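Two complexes, one shared chain (chain A), two partners (chain B, chain C).
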Partner chain A sequence: MKKIFEIALGIVTSVGGFLEIGSITTAAQGGAEFSFQLLWAIVLGGVCIIFLVEQSGRLAAVSGRTLPDAIRERFGANYFLFLYLILGLVTLLVLGAEIGGVCVALELATGLSFQWWAAPVAFLIWLMIWKGTFGIIEKGVSLLGLVTLCFVVGAWVMHPPWHQVIAGVAPSLPQHDAARYWFIAVSILGASISPYLYFFYSSGAIEDEWDESYVGVNRVIATGGMSFGTLISIAVLILAALILLPNGIKVEHYAQLPLLLVPVFGRWGFWLLVASVGIACFGAAMEITLEIAYMTAQGFGWNWSENQRPIEEARFSSVYTIIIILAVMLVLSGIDPLKLTIFSMALTAATLPVSIVPFLFLMNDSHYLRGYRNGWFSNGVVLVIIGLAFLLAIVTIPLEIFGGS
Partner chain B sequence: MDLVRDCLDEHLVDRNKRPMGRVDGIILEVGTTGPPRVAYIELGSTTVADRLSPRLSSLMSRMLRRKSSDRYRIPWNKLRVGLNELTADVEAEATPALAWELWLRKKVIGRIPGA
Partner chain C sequence: MNVMTRIRFGLIIFLAFCSSVCLGCGKSNAEKLNSDLKRVASWTATARMVADAYANRAVPGAYTSQTLEEVNRQLEQDAKHIESIGDTRSGDAANRVRQIESVVSKINMDVSRQERAAVNELSMQLIGQERALGSLVESAASAH
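Take a look at the complex of A and B:
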């Protein structure tokens, strides 16, 4: 019974981690400009993240090591520093986008410019991490994130043409604006296959003291949670295709997002959208901040745990404090949060090989995984994801230039 | 024992299981006779930087101005190699390995309410 409860809670909290400003925005842009045609990108991204999250959880449960831990040990200091610099920079941009997302939600709610909200939001994120435990961050805020289910209800109520929705799951070539189509596809994949998700998940498994007995639980949580999150992204795309596309509205600024839910829920739709974006981004911002601090502390062998008092892990606490300050400076610099979101999602896609290639080696290492190593199927999937990651790394920058705006 | 696989970059804890960092370098002694002998392990940001580039390492040394204490060596005979980590028979807080941790604790983090 305890494990069933843990599975249910794990699935819910995984949704909280999955859905953030990047997945909402890119899905909305996809639906608004190409109807259901880009659903395949969300599904493909969802399948990839299920496998990566499951494997990072299995590595942590069996070996007692997080991903940065194992990467430093197995690949050495040079590769770790390379990964750390690239991932740290990209994740910092994503964090800026998430804080920007919370601020935009507050701007929509109050009319006060988003930049005024940057410092109070950043302070609240810092305070939650400073005072909270891993359980509060993981479960408390993620449970609130269930409000994002309003997108699924909205999509269902709108009675989409299901045969067209199903047809969108199969990849197809665009009839117009090919560069824009592929750029949004890449951004959707970047938003779905976020390295912070599988890095944070492996740290969470250690924080929750998982061991070998959790291998099955991990599989259910990873599959259920990421599928659930993918479903919500699909719902956002469906709503955009049904509401924004017929009215010729492209998502060019965040003030347009409430249009996704207002036609379905009326005045409540506006507040549901504000709550969904605000809570999802707030939860993601906390997880991303912690993820950067975890990666730093684990890679350099420092003392770390969100369940300890800050004074017991001064370097860990200092890192997340500095990270939040840097991210809030990004928001205060005046960069358009939507542009920052799209840019950071594309950059995430471009840098995926650095964090995905190690999976192939770590998940076949008997020193770490003993009898739980990858089988031929999982290895095949990882190879396909690595191929996709390299393809994304090659095409993202040209697509950013030709289809980014 | 494979030194690179089982020792370099591994977690290092003190005798009370307190994390000290990672094994950033291994020092070998080459005598006039006999094979090289592992003499020390080394910890420190400049040691890691050395593995990337000696120029970066000297730049870091100058920036930190702590050249003498940034690299910290532990004699090999004070180490015990375990399954998941190396244990050093020392008191972590009495070594330079935790100098930054202690400085931040005293000067910054410890002064913030609720720490």
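Take a look at the complex of A and C:
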């Protein structure tokens, strides 16, 4: 009974924690410019993240090690440092985008420019991490994040042409603006296959004291949570295709996002959008901040746990404090939050191989996984994901130049 | 296939990809105009939808005002860019954008006075402007 409750809670928190500013904006851009044609990118990204999250959870449950721990141990300090620098930089940009997202939600709600909100929002994130426990952060904010299900309700209410929606799941070539099409596809994949998701998940498994008996629970949570999360992104794309595309609106500014829900829910639509963006980004910002701090502490062998008092792990607490300060400076610098989001999502896609290749080795190492190593199917999927990651790494920069605007 | 052959093969594929993407970016004036007009149409539709939502009390005044200001900022940039394109239709197109800017400014003034009925009327004017833009886009598209 306890495990069933944990599965339900795990799925709910995964759903609530899945959507963030990157997946909202890239899905909205895809729908507004290419109708349902880019649904395949969301589905492909969703399948990839299900496998990566499940494997990182299994590694943590069986070996008692988080992903950075195992990478440092298996590949040595040099590779870990390389991964840490690349992932740290990209994740910092994503954190800036998420903090920017919360600020934009507050700007939409109050009319006060987003930059004025940067410092208070950053302080609130820091305070929640400083005072809160892992449970509060993981479950509390993610439960609130369920407000993002309004996109699913909205898409359902709009009665989309289901045959066209289903056709969009199969990859197809663009009829116009090829560079733009592929750039948005890459950004969607970058937003879906976020390394912070599987790195954070493996740390969460250790925080929640998972052991071998949680392998099945992990599988259900990873599959259920990420699938429902993907469903929300699909709903955003459907809404954009049904509302923005017929009006010829391309998503180039956050102020255009409320138009996704206002035609469906009227006045409620505006506030649901503000709440969805604000809460989803706030939750993601806390998870990303913690993820960078976890990775730093785990990589360098420091004490770490969100459940301990900050005084007992001063270096861990210092890292997340510094990370928040750096990220808020990005927002204060006046960079357009939407541009920062799109840029960081594309950069995430470009750097995926660095964090995905180690899966192939770790998940087949009997020293870590014992009897829970990957079978031929999981290995096959990881190989496909690695191939996709390398392809994304090669094409992202040219696409950023030619299709980014 | 040895390693060097594979690397060469990979490089050829990569360069072919880059050149196929590059082929799409050497735009003619008509294409540039077409792409700018589509942006203008997108911002005009944004202004119209936001104004409609305000008239129906679906969005707050502060949000409406800020969005309309943003629309005008973007339209101003687009008008300047369109003027700089050396195309015979640039002048007409830039004038059209200025007219839209003027309507959006009027809507914003009515929003600050909370005159929803006037906002609704001006939003109808934007529909007319969108239609006119549509024919400009079509003429630019048929030119390339």
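Going forward, the second predicted complex is superposed on the first by the 405 of 405 C-alpha atoms of A that agree within 3 Å, B and C clash if a C-alpha of one lies under 4 Å from a C-alpha of the other, contacts with A are read in each partner's own complex, and residues count from 1 in each chain.
Note that a contact is a pair of C-beta atoms (placed from the backbone, for glycine too) under 8 Å apart; a residue touches a chain by one contact, two chains touch by 3 or more.
This is a predicted model, so every value here is computed, not measured.
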May I ask you to name which of chain B and chain C touches more residues of chain A?
C
Of the two partner chains, chain B (first) and chain C (second), which one does A:Lys250 touch, if any: first, second, both, or neither?
second
Pick one for A:Gly76: touches chain B only (first), chain C only (second), both, or neither.
first
Kindly classify A:Pro398 by the partners it touches after superposition: chain B alone (first), chain C alone (second), both, or neither?
second
Which partner chains sit in contact with A:Gly301 here, chain B, chain C, both or neither? Use first/second/both/neither.
first
Touch test for A:Pro258: chain B only (first), chain C only (second), both, or neither?
second
Tell me the contact category for A:Ser318 with respect to chain B and chain C: first, second, both or neither.
first
Using the superposition on chain A described above, determine whether A:Leu108 touches chain B (first), chain C (second), both, or neither.
second
Name, in rising order, each residue of chain C that touches chain A in their complex.
14, 17-18, 21-22, 24-25, 38-39, 41-42, 45-46, 48-50, 53, 56-60, 62-63, 65-67, 70, 74, 130
Which chain A residues qualify as touching chain C in the complex?
107-111, 177-179, 182, 247-250, 252-253, 255-256, 258-259, 262-263, 266-267, 269-270, 394-395, 398-399, 402-403
Residue numbers of chain B touching chain A in their complex, please.
8-12, 18-22, 24, 48, 51-52, 84, 100-102, 104-105, 108-110, 112, 114-115
Per the touch rule, the chain A residues reaching chain B in their complex are 63-65, 69, 72-73, 76-78, 80-81, 130-131, 300-303, 309-311, 314-315, 317-318
